[in-house]
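The two complexes that follow have chain A in common; it is paired with chain B in the first and with chain C in the second.
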Partner chain A sequence: MTQKIKDTIVKGVVYLATGITLCVLLFIIGFIFIKGIGLINWNFISRDYNDTTFYAFVQESNSPTTLDEKVQENKSDYDKKYETPLEAPVYVESIGAEITKVLYKNYTTEKEQFIISYISKGSPLLSAVNSNGTSIDVSTDFVLESVNGNEFTGMSTEEVKTLINDQSGELKIKMVEPGGGIRSNIITTLYMILLSLVVALPIGIFGAIYLTEYAKPGKIVNAIRFAAECLAGIPSIIFGLFGMAFFVVALNFQISLLSGSLTVAIILLPVIIRSTEEALKTVPIAFREGSLALGATKLQTIFKIILPCAVPGIATAVLLSIGRVIGESAALLLTAGTVAQIPGTLFSPGSTLTVQAYYVTKEEGNIEMACAIGIVIIVIVIILNILSRIASDKLNVFNKE
Partner chain B sequence: MEAIKRKKIKEKIIENFFLICAFVAVVSVLAITFFVFYNGLKPFVSNSYPFWNFISGVEWRPGSNMYGIFYMIVGSIFGTLGAILLGVPIAILTAVYIAEMADSRIGKIIRFAVELLAGIPSVLYGVFGLGIIVPYVLKISPMAQGESLLATILVLAIMILPTVVSISETSISAVPKEYREGSYALGASKIQTIFKVVLPAARSGVMTGVILGIGRAIGETMAVMLVCGNPIAGIPTSLFDQIRPLTTNIALEMGYASGVHQELLYSTGVVLFVFIMIINLAVNKLVKTKVGS
Partner chain C sequence: MDNKVKFNTKNLDLFYGDFQALKSINMEICENEVTAFIGPSGCGKSTFLRCLNRMNDLIDCVDIKGEIIFDGKDINGDIDVINLRTRVGMVFQKPNPFPMSIYDNIAYGPKCQGLKDKAKLDTIVKDSLERAALWDEVKDRLNKSALGLSGGQQQRLCIARTIAMNPEVILMDEPTSALDPIATLKIEDLMQSLKKLYTIIIVTHSMQQAGRISDKTAFFLMGEVIEFNETPKIFTNPDDKRTEDYITGRFG
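The block that comes next holds the complex of A and B.
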């Protein structure tokens, strides 16, 4: 009887522990989604982190467009987002748009500025071009700074309206596209994934081929296995230190996309070697014997028989690697920098999504944005998880046949 | 004859090429060790900073040429120890549930959850820690800030869960069925079987998981950096004291350090590296004994 009670208690403890594990996961994901979801919209994905200032050339059209009263009543998109305009919005006929004076706050500055709060259908702003002649997507919440060299600082909304309407011909408007987005980080992350895979994938796969197909048990194989295990156990900050000493300083690659991706490539090696090796091991030995018996050389057997069979396993390796690159931050902090920009060359810095999440949390205390980035990352991680499951199922199905 | 010979040479060349690729891993480990140690031991070899002051000092003030990391070592060890004490029991019990008690559907769901937990980047754990754990710790803390040893322990305990769970679960599942059947035949209950027969049989696998968990906890940087407080001096004496683990010391200052300061950050890396090496060797030994038995 006492044994039964004891068992029930222990069982309860086991359930409790499992419950804690599940709750922790739900809690973390819940926290990140609740905190970050408010920021997720198309602008967040499509805009850069930093504001971009540019000149828009607008052909003034002196056909005053009428503002749809209903739109004004319903409040424009802008008003919904930023609740308190400093002055009532004013419609400027010559550019076919409504402007509003608002107080702009960010983590470091606070200033008054004029923003476009509504653009009517026939507005010449919609066919605006930049100095290179490329067309610009002007949208609501862009900031207006000056027209034909006349700064708006300190003016009232009415004065700005008169100023714009007084100009004639082509208007040269200085605009600011507000930042706060993660486009550059997404692109840097993609570059980082691509570059590190290009380096690590062939090396890892060929290494795994050597270990499974050629190597005879002995000192060399043991050394390679031990090295791969060591690499898997080294924390990423040490990789960062190495990348900094070797790629950044000794090879003089600077803190850059190249240094970052090479460092990450080393981190990926053990992942790729291990999963490829496992995939190669699942290919039945009879396949090899059959191929060799038909007169194929060892190389032909490897490339025409074994590797095609191991493709799902290699796909798993790629997916795991992508997850690893996306999650990597400490090593990249030291080797690729924290600048939120699209790296123009291999030698310019750029921050990936996770580094950016760290940066906005640590330097700006902007947890909302970090969580919004977190949502993007978690969605990607879930997709990768599901894909790799499908890939490994494929591998298993093949083996059953 | 000639063609076959040429083919053979080609095969040999490619085999060697494969060998070189496999050797990249070895070269990388050697290069990492060399570069970190070379830079890290420089200040002691050239006598620009005495080793004893470095290893035993309790203040890190680059401005006044004081670089002591003893309090960081203590912080790293306390943080890791706490995380292990808190996280490992939960992780092992979860593994027991998945492997022994759950029906296959629920087991699959929990396994997926654990995999997801492993896939969340460490920065996000830090953000979570800063957003939830730190404010909560602040509420119960006698100190003026929530960033503390306790917050670090909680975050690390969560982070080692997936590692320990998945490795323990694999080794528990690998225990032969006969062990369980034998135990049942002797009249033991299911719980008794799990805790007296299966778990001891899976001991070395579980230990491997725990040691890998230690490795992850001691090497964790980004999550810890956001919740530990990073003070410039002081050995932590209570759970609410701030700590500055070795890893965050490197990550915080590497961006702008130069000269002796930078070299001593590498030295911090060397100390961390030594810890990790010991852990790696322990894992290696454990895995070998498992194969041996």
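The block that comes next holds the complex of A and C.
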């Protein structure tokens, strides 16, 4: 009887614990989605975080196109960010686009601006080039600031129209591509994953091969294993400090993609070594014996038999590593910086999605954007998960018919 | 004795740490014969077999004393182990095909030796499978995984894989203990036909098998060779009382 009561209590505790875990998880994901989903759209993903100002050179249209009434009715609403137009939209024939005066909102400033609200099919804007002659992707929502040096500040929409139509020949238009997106962060994150894996995977795999295949069991091997396990337990801010002192300052790599990825690579090493070691250990000894008995060398046995058998385990290591890179913030904050830009070279800084989420929350108090970034991160993790599982299945030698 | 001596061991002792697994083995194994090792579990017959192509190298803390002369050279001395293993192949107790296609399994050994010529590899694969009496069963599925074969087929594949190296000696460590009677029979037939080309040394737990297939039999007990003689003699009129006891089933 007492045993029965005990059982019931324990069972209750187990269910309760599961329930709490599930609730917390659902609550967090729910919170992130509810807060952030409003910001998710194509512009959020495809735009840079900062506004970019540039000059566009546009050949004025010889045969000005007029706006089709039907098209005008069907054209999409303005981005909600710009809210209601201050004046009615006006079609400017010489650039084949419609402009609207709106209250342009950045996260820090708010001012009256003229934005392109519609571009017709034959518009010369579509073949615009920059000062180097490379073509620019001009699209709606771009802000117009001046034409041929004449600033638009303080003008009405009609005045701007007249000003643009009065110009002849090539127009030099100062434009601002609105920011607020996370394209650069997505790309930096992918760079970071790629670079850190390129560094950490070979070292980790070869280290694991040494530990399982070559090292004689003894003090040295135990010491290496102990070191790897300790590394896995150290908080990443410590690695960040090391990376800052060593890569950024001592090696003078600056706060950059390279410093960041090398620091993350160090964080990844124990993860990769451990999972690869486990995978190598599960390869049956019969395969090694069979291979050696056929006159294969140890190296041939490792590379032709053992490693292919360990591929699923190594894929798991890659997956865990990707998770680590995406989730890493403290170490990258110190070594790769918080600049939301696409790193042009290995030595330029860039912030990953996680760092950006930290940055917008901490510096701008913009929880919505952080949550939106959270959604993007979750989606990326899910996609990578599925991809690596497919890859692992395809490469698994035991699955093949 | 008509045939040339292939292996000649002189005072071979083997220690696993402090435990002496083989005690002063002296044995001459002749070419193109089937030699069977019988004896109870743990008597050292597999250990002795693994000495012949130095598979015991894989195990730590093994210490070998004495000589194993193979074609005039001591194989524990200064020889090329890789070369030795290509000349002395081995088939294991449990079939251990590699997780790759049937073709790649056979071609693995030659490829490891640096053979790249596709046409030559094709010939080797076909010949080896034919000699292992497996060609007709697998010729249409050479590119399928070897893991899809039955246990008996897998073991014949392992034999074919060994044959592909064109060895002089094939060591077999209880090759049929994981197989059913029909598969066992096929492997035994195979051994009879392979005997013309190769020297075969087999460890077996089945005395009937030793009686059926071998020309000579060695009886091992507690790390010693109690008796080594022509198979009919061992089974009908053994010299040693212990051999007779084992064969008649009084112990072991």
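Assume the second predicted complex is superposed on the first by the 357 of 401 C-alpha atoms of A that agree within 3 Å, B and C clash if a C-alpha of one lies under 4 Å from a C-alpha of the other, contacts with A are read in each partner's own complex, and residues count from 1 in each chain.
We adopt the following convention: a residue touches a chain if its C-beta (ideal position, glycine included) is under 8 Å from a C-beta of that chain, and two chains touch if they have at least 3 such contacts.
Since we're looking at a predicted model, the values are computed, not measured.
S.K.: Could you tell me if A:290 is touching chain B, chain C, both of them or neither one (first, second, both, neither)?
M.R.: second
S.K.: More residues of chain A are touched by which partner: chain B or chain C?
M.R.: B
S.K.: Determine, under the contact definition given at the top, whether A:34 touches first (chain B), second (chain C), both, or neither.
M.R.: Neither partner.
S.K.: Does the superposition put A:379 against chain B (first), chain C (second), both, or neither?
M.R.: neither
S.K.: If you stack the two complexes on chain A, which partner ends up touching A:240: first (chain B), second (chain C), both, or neither?
M.R.: Only chain B is touched by A:240; chain C is not.
S.K.: Counting only touches as set out at the top, which of chain B and chain C does A:194 meet: first, second, both, neither?
M.R.: In the superposition, A:194 contacts neither chain B nor chain C.
S.K.: Looking at A:305, would you say it contacts chain B, chain C, both, or neither? Reply first, second, both or neither.
M.R.: The answer is second: A:305 touches chain C but not chain B.
S.K.: Counting only touches as set out at the top, which of chain B and chain C does A:229 meet: first, second, both, neither?
M.R.: A:229 contacts chain B only, not chain C.
S.K.: Which partner chains sit in contact with A:216 here, chain B, chain C, both or neither? Use first/second/both/neither.
M.R.: Only chain C is touched by A:216; chain B is not.
S.K.: For chain A, which residues lie in the overlap of the chain B contacts and the chain C contacts?
M.R.: On chain A, the overlap between the chain B and chain C contacts is residues 297.
S.K.: Under the stated contact criterion, what part of chain C meets chain A in this complex?
M.R.: The contact residues of chain C facing chain A are 53, 55, 58, 60, 82-83, 85-86, 89-90, 92, 94, 96-101, 108-109, 112-113, 144-145, 147-148, 158, 161-162, 165.
S.K.: Give the list of chain B residues in touch with chain A in this complex.
M.R.: 7, 10-11, 14-15, 17-19, 21-26, 28-29, 31-32, 35-36, 38-39, 89-94, 96-98, 101-102, 110, 112-117, 119-128, 130-132, 158, 161, 165, 189-192, 195, 212, 215-216, 218-222, 225-226, 247, 250-251, 254-255, 265-266, 269, 272-273, 276, 279-280, 283-284
S.K.: Contact residues on chain A for chain C in the complex?
M.R.: Those residues of chain A that touch chain C are 216-217, 284, 286-297, 300, 304-305, 308-309, 397-398, 400-401.
S.K.: Can you list the residues on chain A that touch chain B in the complex?
M.R.: 3-4, 6-7, 10-11, 13-18, 20-22, 24-25, 27-29, 31-32, 35, 202-204, 206-211, 213-215, 220, 223-224, 226-231, 233-242, 244-246, 250, 266, 269-270, 273, 297-299, 323, 326-330, 333-334, 338, 354-355, 357-358, 361-362, 367, 370-371, 374, 377-378, 381-382, 384-385
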